[in-house]
Amino acid sequence: MSNSYGTLFKISTFGESHGPAIGVIIDGCPAGLTIDEAFIQSELDRRKPGQSKITTQRKEDDTFKILSGVFEGVSTGTPIAIVIENQDQRSKDYSHIAEAFRPSHADYTYQAKYGVRDYRGGGRSSARETAARVAAGSIAKMFLRKYSVDISAYVSQVGDIKAPHFSKLDLSKTEDNIVRCPDSDTAEKMISLIDQVRLDRDTIGGVVTCVIKNTPVGLGEPVFDKLHAELGKAMLGINAVKGFEYGSGFEGITLRGSQHNDEFYNDGGNIRTKTNLSGGVQGGISNGEDIYFNVAFKPVATIMQDQDSVDKNGNPVTVSGKGRHDPCVVPRAVPIVEAMAALVLTDFVLRAKSSKV
Amino acid sequence: MSNSYGTLFKISTFGESHGPAIGVIIDGCPAGLTIDEAFIQSELDRRKPGQSKITTQRKEDDTFKILSGVFEGVSTGTPIAIVIENQDQRSKDYSHIAEAFRPSHADYTYQAKYGVRDYRGGGRSSARETAARVAAGSIAKMFLRKYSVDISAYVSQVGDIKAPHFSKLDLSKTEDNIVRCPDSDTAEKMISLIDQVRLDRDTIGGVVTCVIKNTPVGLGEPVFDKLHAELGKAMLGINAVKGFEYGSGFEGITLRGSQHNDEFYNDGGNIRTKTNLSGGVQGGISNGEDIYFNVAFKPVATIMQDQDSVDKNGNPVTVSGKGRHDPCVVPRAVPIVEAMAALVLTDFVLRAKSSKV
Amino acid sequence: MSNSYGTLFKISTFGESHGPAIGVIIDGCPAGLTIDEAFIQSELDRRKPGQSKITTQRKEDDTFKILSGVFEGVSTGTPIAIVIENQDQRSKDYSHIAEAFRPSHADYTYQAKYGVRDYRGGGRSSARETAARVAAGSIAKMFLRKYSVDISAYVSQVGDIKAPHFSKLDLSKTEDNIVRCPDSDTAEKMISLIDQVRLDRDTIGGVVTCVIKNTPVGLGEPVFDKLHAELGKAMLGINAVKGFEYGSGFEGITLRGSQHNDEFYNDGGNIRTKTNLSGGVQGGISNGEDIYFNVAFKPVATIMQDQDSVDKNGNPVTVSGKGRHDPCVVPRAVPIVEAMAALVLTDFVLRAKSSKV
Amino acid sequence: MSNSYGTLFKISTFGESHGPAIGVIIDGCPAGLTIDEAFIQSELDRRKPGQSKITTQRKEDDTFKILSGVFEGVSTGTPIAIVIENQDQRSKDYSHIAEAFRPSHADYTYQAKYGVRDYRGGGRSSARETAARVAAGSIAKMFLRKYSVDISAYVSQVGDIKAPHFSKLDLSKTEDNIVRCPDSDTAEKMISLIDQVRLDRDTIGGVVTCVIKNTPVGLGEPVFDKLHAELGKAMLGINAVKGFEYGSGFEGITLRGSQHNDEFYNDGGNIRTKTNLSGGVQGGISNGEDIYFNVAFKPVATIMQDQDSVDKNGNPVTVSGKGRHDPCVVPRAVPIVEAMAALVLTDFVLRAKSSKV
C-alpha cells in the first residue's frame, strides 16, 4: 500500500526513472468532470526537466496518455489511468552506481530493504515519479475549481535568501520568473545564488510556501486525519523534504496564547477570525480562512564532486554525480506541492459529504 | 476512518472528554506478547493531569481496564480493547461555552462540520483523547523492545529557552524534573518561564524532540508512506502541533549538498554514515542511524483572560478560560510523542515482513 | 485489520466470549442521527440466548452501554463505542477443552495461527461476538430509515423443511413464532424438527433468506466491491455460514439467458424490470428492485455426543459438548443477517455520495 | 476504492472494453520473485476470446507489457504495472446500445449511478476487465509456488449436466478439452449442450469448482476477513456470478452435526481431519485440508434474440445481441476463478506473517 495516497480520491503511482514508463491510476474521481487535457500538460510542463538554466538539462517531454476513465472528454467514475513514457533514458549514465551507494540517496536503504533494486537513475526513488502525482493533481485541481478553491505555491526561500511574507506578495506573478518567486527582486537574488551553486558543482536547499484560498469550512477529520496532518504527510512524501509547518509553525513556539489566539468576529454574517495564526485549520478542520504552510527541501543529494562511499560489499568507493541534475529542487517542486495539496483537499471534500445525515 | 491509525498495527480511539469513558482498540497486535500492565499505567501516569505545579490541576487517575485480547497475561492476536473511565467530569465548568466558540479551539469547526457537538471540555477535540494513544503506544513499546528499539522524547524548547543539541544530553535524565528537559539548567529556566506565564494567566509554546536509537534498517515504504512522512502525520495529529522537521530540518535549507550529504563508511562490517543530517532516514526508509525529529507545539488556546468571540448565532460574546488548564503543553506531550512514534515504528516493523519473498 | 468491516461506516468489534466484555466502535456514523437506545436493545434481544426452548438456555441479558459518540441522544460524528459486559461466564464449563480441539470448531486453527488462544467458550471465535455486530447494525438500520430501506430476514429452511418462496410470505409475521419463519405451518414443522434434534443431542443446519425493499438505485461499486460481493462477504463472515446466493443463485445455472434476463419497462416514469432474477443488483449496482439472497448455515459444531479428536500435543482424546448450546443456529441468526445487511447498505449509501461531481 | 482488491498484495485494475487499454497495478509484491512472462501469457491465453467454437469469436491477442516493478526478470518490491492494449475494438458494433439499456446488463445501473457511461462493449462492466485480474493472478501463482500451493479450477456443471465429485476427477486433465471439465464424458455432453444453445441464439449458466491443495495452516483472519469470506467476495466480484459455497455448502444444511463434524486425528505427527466437510477452513482459518468451493454463473445476458427494453429516456425499444458473444461463460471463467483464488491466498500468506511476535 505504499504507493497509494488518498481514501476516496485515491491515486496509485507506478514506474521507475528508467523503465518503460511511469504513471498513475486515479480511483474515485466522481463522474461528470470535464477533463482538460491541455491543463494536465501545462502542469506537467511546469515540473518537467530542462525548463531553464537553473534546472537539470535532462530532456523529457513528459507527454501523457489517458488509457481509461474518460469518455468523450468527461470522467465516467471509473479509474483514470495516465501513462507517461520515459523517453530519454540514457541508462549508460548510471552504470557507475550499479554497485555503489550514493551519499544521502536511497540506494543503500532500498538495497537493504529489498535485496534488489533498479539502480538506474534512482529507479523508484527518483523524483521522476512525481510527474505522475502532478498529472493526478491536475485532475484534482479541475475538481476543486467547482468549489473555487485556489492553490498557489511559490519559492519563498533559497539558501538564506527569503521572500517577504505571503501577505505582501502578488501570487499571480509566481510564473513570471524561472525560480518561481513572485517577488522579482528576491527572485533575481535566488537565481544568482542557484547559478553560483551550480558553477560550484554543488546544490542548495530551499522552501516552498503554499497558500490555499476559498477552502470550504469543515474539511479535515478529527484526531489522526487532521487536515494539516494529511497535508504534512503529503508534503513529507515529496522527495528531499525535511520539514513542514503550517500557520504560525515553529515561530509560534515563542508566542503567548494571548498573542497567538485568533479571535472570532461576525463579518456580515460569516464567522471569521481577526488574525490567522491558526493557518486556516482549527482542531484539524478548515475554518474558511487562508490555509498556508511551508515545506523545507534539503539540498539535492547529487553533487558534481567526489564523495566517499561504499559499495554493496562494503568496499570503499568514490562517487561523483554525472549527467544532468538540478542544483536546487524548489523551482520544479512548486507544481508538485500544489498537486499534493490539491489531492489532499479533494479527498477531504469527498469525505466531508458523509459528515452529517 | 478518521479515528484509526496504522495499517497492520492499527489503533482506533473513541471517547469524549466528559463522556463516560475514552478508550482504544488495538487490532493487529501479534500474539505471544507479554503485556505488562504496570508499564501501561506508568506511561499513562506520565501523561495524566495534576502531576506538578506547571500542569493543569485537574485530577484524573487515568486507570485503565483491558477488556479483550489478552489471556493469562499474553496477547492472543485478537483486538486489545482498553477503556479509561472519565472520573472528574465537572460538566458544570463548561456550561459557559455551550453556545460560544473559544478562540483557536475546535468549537467552531466542529459545529460547522457536524451541526452538533459535545461542547463539554472540548468533547472529542480534547487532548484527553491522547491518553488512549499513550495506552496503545505503551503496548507498541513492549513490542519494540524485542528489537531493542529505544524511543526517547524530551522538551527541547519552551518559549525562547532552548536546550543544547541532543547529542550533548543524557536522555536518561528526562524524567528527573517536572518539565522533562534532561539538561537541569535549562529545565530550571523553563520551569520559571512556565510558572511566570501561568501567573500571567497566559500560555506558552514549545518543542518536543524525539530520538530513536537502534531502529532496524529497512523500515518505511517508498513514495507516500515514507517513514518520516508517517512520523510527521502522527505528530501533526497531536493536539496543538504546528510543525514537524526531522534530521537537518528547516536549518538544512541553507546548507549546500557538499555539507549536507552523509558519506557512507564501513564500520567493521556495518554500513554506517559519517554524519547524520539525514536523521536516520533515506528515501523514506531507515538506514540504522539515529532517527531524530522536532515537534512544534503552539501555546495552549485556553487562557485565563477575556477574549472576543461570537456564539453559534454569530452574536458577539466574551469568553475566558475557567477551571484547570495547562500553561504549557509540552511536558505532558513527551509521552504522547513517544507513543505515536512507537506506533509508527511498530506498524513499519510488521509491514517490512513482506518486503522480500 | 481483520476485526473491522466497512469503509465509510466502519465497525470494529472486540471481545471474547468469556472475557470482561465485548463491544464495537462505529467510526463514520454521520452526525445528527437520533439514536434510539430502546431499538438497539430490542435488536440485541432478538439475538440473545435463552429466548425459547429451541435456543441455548445460556442466560445473557446483553445489556449495552454507549461510551461515546452520542450527545443528548444524537450522534455527533465521532466514534460510537458500545460495550456489552459478559455476565454469565461460567468458565468452569470450558476447562475440558483447554487442551483439546473440538471438531469443526476454530480451536485447532487458532492454536496453529497464534500459538496461544483463549479457549473459554471459543474465545474470539464464539458467536457471542455477533452481538456487537447486531448493536452496530441497529444504528445502521436507524440511518437507513431515512431512505425508507426495509430489511427483512427470516428462516426459510431447517434441515429439509423449506418455507414457500418469499413472494408468497407476509414478512411482517417473522417474529410471530420462535423459529422466525413467517409461514406458521412451516414454522411448526421446523420447531418440531429442531426439538427432535435437540433430544437426539444433535444439531441441524438451515437457511436464512433476506429481502431488502426500497433500496436506492445506484448502490454498490463496480468490479471488486460489487453490492452483492460485499453482501456475500458480510454473510460469509457470520459464524457457521457455508454459502451465499442472490437472485436466481445456484438455480439460475440451469436457465437459459432468454429465460433469465430481466426485461426493462417504463412504470409510470420509473424504469423497472418485469422479472427480478437479477435480485435487484445488475453489474454490482442496485437497480431499485427487491434485493434478496440466501445464507446457508451448517449444523452447529457443538453436539452433546462423544467425538474423537486430538489435543494440543496430538494425543487422541474424546470430546463432548457440555453446557448450553443451540441445536440450530438459524432462528438467532436472523437479526445478525439483517444487521450485516444494514451495515453493507449504509456503507454503500455513504460511498454513493461521491459517485458524481 | 472500488477498483482495488487485497490488503498487502493489492491489485488495482483499470480500463474499459473499448478504450485504448486495460491493465493492473500490483502493489505489495515482495521483492526477489522471478517473474515468468511466458507463464503470464499462457494464463492470459486461457482466458482470451476466440479459443474454440464454444467461446466468442472476438479476436484479442491479449498481449501484455510490464511497465514497472520488474528489473532483470525479478520483482523489485515496487509496483508492477501491466498493460494490455485493446486491439479489436470495433466500436461500431455498439452504436445500437448507446441509448438503450440491455436487459440484465449493467447499462441502466451505471447510467443511474454515474449519469454518464462508456457504452461501448459494456465499458468498465465488460468481462474484458478480468484479463487484468488474470495477469495479476498469474504473479500471485508464482509467489504461491514457493509454498507449493496448488490451485485447480474446472467446469463442474453446465446447465443441468454435472461432473462427478472432485475427489473422483483427475484435475490435471482440465485443459484436455475446450469446456475445461476433467471428465471427458461429461465434457462431451457439456460441449454439445453449449453448441446447441449457441445455435438457439441463446446462452446457459454453469458452475466452476475450485480445489486448492497444500494450503499452509493458519491463513485467514477471524471475524470479518475469514478466508472463505474473502474467497466469496473475490468470486462474487467476477462478472455473472450469482452464488458461492465452500465445503458442504448449501447441501450441508440438511445434515446433522454428528454427520457434518470433521473429527481430528494424528497423521504421523500432523493433525488432520478424517472428513473434510469444512472445506479446509475452520473459524475462517485454513486447517491444511483441501479447500474447495463452487461458483455459480448465470447465463450470459447477451443473447441473439429480440428483447423488450427502454432507452435512457424511458422509451420502449427492442434490443438484440450483435457481434460475437459467449454462449456460456464458464470455460473462460476457469482461469479467472483461479486468479482470484491465488490473489486471496497470497494476500493471506503475507498477512499471516504478522500473526505472532
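Chains here go by letter, A, B, C and D, matching the order in which they are written, and residues are numbered from 1 within each.
Criterion: a contact is a pair of C-beta atoms (placed from the backbone, for glycine too) under 8 Å apart; a residue touches a chain by one contact, two chains touch by 3 or more.
Everything numeric in this text was worked out from a predicted model, so none of it was measured.
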item	value
Chain separated most widely from chain C, comparing mean CA positions	A
Comparison of A-C and A-B by number of C-beta pairs in contact, larger one	A-B
Chain B and chain C: spacing of chain centres that average the CA atoms, whole Å	39
Mean-CA-position distance for chain C and chain A (Å)	46
Centroid spacing, where centroids are CA-atom means, of chain A and chain B in whole angstrom	26
Residues of chain D touching at least two other chains	1-4, 7-8, 13, 28, 31-32, 75, 77-78, 113-115, 124, 222, 355-356
List of chain B residues in touch with chain D within their complex	8, 28, 30-33, 75, 77-78, 143, 146, 222, 350, 353-357
Residues of chain C touching chain D in the complex	1-5, 7, 13, 101, 103-106, 108-110, 112-115, 124-125, 129, 157, 159-160, 197, 200, 202-207, 217-218, 220-226, 228-230, 232-234, 236-237, 242-250, 252-266, 269, 271, 273-274, 277-279, 282-287, 294, 296-303, 305, 307-310, 314-316, 351-352, 355-356
Chain C to chain B touching residues, read off their complex	1-4, 7-8, 10, 12-16, 19-23, 25, 27-28, 31-32, 65-69, 71, 74-81, 83, 113-118, 123-124
